[in-house]
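Here you go, one structure.
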């Protein structure tokens, strides 16, 4: 069971993980994009962290996640802003009316987030974007949950799948986002959005399971 | 080692820049109350006029905010460095400039901008503001001709916004403004070359690596890799390479007229730009194409990146009228 | 390793630049027949008007030739990079713009320029052209206050030429034009800071060495060493240091008005300049000094040098009128 | 006896020596000036060389030297242009009406040149300029000539004096020219104009004595 206080911890943990990985994410983006992905992600998650921290612990998860969405979006813009903001809004919708997030809800939220990103960015798996990490990760969480009904097992499965998805982006030619114009020249490089997805999902597991 | 910049705090650079811009240009620009990233022309918007909202990431100055003013754009939504603004400041721009005749959104074709401007357009529709969107796609190096919809918007923005801004200023209806904007975009061709990187104020690290004797052809205005990297050539060779591609697509007839923009990406000085323009003018005169007007300087930059771009706009009478139409902006004037 | 430049032949860079300039600005500029380094305003000179001839080394574009046009300078004599023009092109300028009311020579106070312009003035006198000379000395870092006659002319040229150009355009007699030029110079104060070197097209070697975290305060616009070298500071600290010195000399009273120029030496982008201008405007408002007008951008450069300068002109009614006077030049417009 | 053909050789030799020393002179100027002195001197002397080479060998020394003055000046401008152009014009005046330059005339020419530079630039010895090499050099040539009546001896004396004068500039504070604003910071650095004076005078000796 994840109440709003624990959700705040999740945002705090992701924000601090993004800080740690900021320069690496910028460097990855420098190779096939515009070198700012680490900045966007740290800005977005620290804005979300600060905004949800300012809420009362009694605030419901839907309100908290919508607040995260709005603050992330307004701090960032860019590609990551609408993608993550949409993801958080879908997560919020997914737990609408519930006072707390049950473990099963969290798994459903992960899937709603990934679907929100797909809807917003119109990317499919294989186009070398954060979708290549998020979609397999959320699916893996679902499969694991259906087998184990254990959130930490599910999050571990998500982390493994996200990592595999991220690594797979290195051998993809980008067809969405800024690097789509590179064609073959994007080959051999990991997508920064997929890399930050791994950071985010790992931080969720850390916040909820460690 | 950090790159050298005259800044205070990298994270505050864009907001501090905007404060400095408003202090410098009080007769031209103001921010929307409560929305400091929404910059509006003091004299632009008026009832019955289509409102032109442009915008995108910071770091390209004078694009976008320098082109806000009477006769050109009515507002610019300002993002972080090289990052689309979020929907909110875009929406605030739309509201501030809406005079009942609709609003035109124009910006470079980047995934981030498309998502944020589209969200803002949906929000504006809920406020009963009719929004049309025209993406600029003038960078011919960024995708092949059969995938024009994938191309980026770069320095040609200047011509395309100028044409659309004139149409809005002439009180054309929304459909006409949109048509002229699309036509301007379809007649504008840019190629660029980069010699050295820039660095973001937050990281102060070069945003790409390039050899001491190399240049990158077709690099984007955010340092996105271009089409090829090679040895640095002479000004004439570089200009020829750009013009060969531009003219192949534009296919002007003898006697046609063009407008020329030779643009610095940041640290390439006027001396080099004018040396390039010498070649542009030689080449055009060789094929009997008349230069109607030429602009040379920093029009669409990538912070302190070294490099330059050449843009040609293929004119007809309508486009000539739009380019000649007077405008009075914070950082640009015509007519 | 050579520095990167988009040029053809370093030795031809200035002449090729001029060809590109004339191609870009045919409605504003032409060269004197047979004297390609003498650039004259198409619309400036006229009978009964004092002719204003400015000039100096190349590499400072848009200074000098960009300020040639109706309402500002009538001609510019163009030297090699960072080298005064020889007397011949200066003399040709004087002859081309002489309308019988005398000619005013204005240029930065450098030994080379003084010798060449003085020789040209002597030659003009032999042709019965009355020449007066006003040297600009706005760089307060270049000599102490009690040796003002030793100071260099730098970005403040822009204000000083503008004021004198207005006086000439208003058909004031030569004495008046000279008086206004001197007054403008005496009320204009500049301080600059350099972050990285530039390189001459002929050598393509950095013209000085500077540490990766250093800046040089008071460096000249040809890379001449300044007054001190120190750690790179923040934009506010740098601006404060400049303003402290400028304001100490200018000693404005509460309610006084100034014009502000925040100038890039070449590769420092608008973002950084506007961040500096934010501080300028804060400081001036703190002491109750009103900003009449602000210009921000590349006005007096050193090729691709990184750095910036701040210039304040202490206005009175006469100087305000001169600055507000319209002008229409190849690379600058006002009014 | 130095006829116009030999005078042309003098210009050719100086021009080629300046070429050799171009980058060193620019570097010296970079320390206390604007890094272009080598360019000015090569431009000036190669323009002078080309202009006098185009003259007929029967042309008199005055005409040749005036041609050198004009072409040097028009190619260079800067500080060096008026200074050297004035020097050449004074040298021209000094042999006015003579069909050839006698050895004694050449010594007188050197003094006239130095005086021309002083008149044009208003610098005295000790102000850290080319005057600190040219004036002692021309005086040393005169003294040596008065003792030996041997041009090559005189030129050797001039070279020694020029070198000493150049070296002395390192311990001077500049008060003329671009480096005058440096004050104490000009200490320890040789003046580029004095350095190029040595190059020019050495090349004269080479052309006339080797």
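Going in written order, the chains are labelled A, B, C and D, and every chain counts its residues from 1.
By our rule, a contact is a pair of C-beta atoms (placed from the backbone, for glycine too) under 8 Å apart; a residue touches a chain by one contact, two chains touch by 3 or more.
Just so it is clear, the structure is predicted and the values come from calculations on it, not from any experiment.
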{"item": "Interchain contact steps from chain A to chain D (minimum; 1 if touching)", "value": "3"}
{"item": "Intercentroid distance (Cα basis), chain C paired with chain B, Å", "value": "29"}
{"item": "Centroid spacing, where centroids are CA-atom means, of chain B and chain D in whole angstrom", "value": "53"}
{"item": "Inter-chain centre distance, chain C versus chain D - centres from mean C-alpha coordinates, in Å", "value": "32"}
{"item": "Overall pattern in which the protein chains touch one another (line/ring/star/complete/other)", "value": "line"}
{"item": "Interchain pairs in contact, sorted by label", "value": "A-B, B-C, C-D"}
{"item": "Chain C - residues contacting chain D, complex", "value": "11, 57, 79-88, 110-112, 115-116, 119, 142-143, 150-152, 200, 202-203, 205, 207-208, 220, 222-225"}
{"item": "For the chain C and chain B complex, residues of the former touching the latter", "value": "1-2, 4-8, 13-14, 16-21, 23-25, 58-59, 61-62, 66, 193, 195-196, 201, 212-213, 215, 232, 234-236, 238, 260, 262, 266-281, 291, 294-298, 301, 303-304, 306, 308, 331, 333"}
{"item": "Contacting residues of chain A [partner chain B, same complex]", "value": "22-23, 26-27, 30-36, 38-40, 43, 73-83, 120-121, 176-182, 185"}
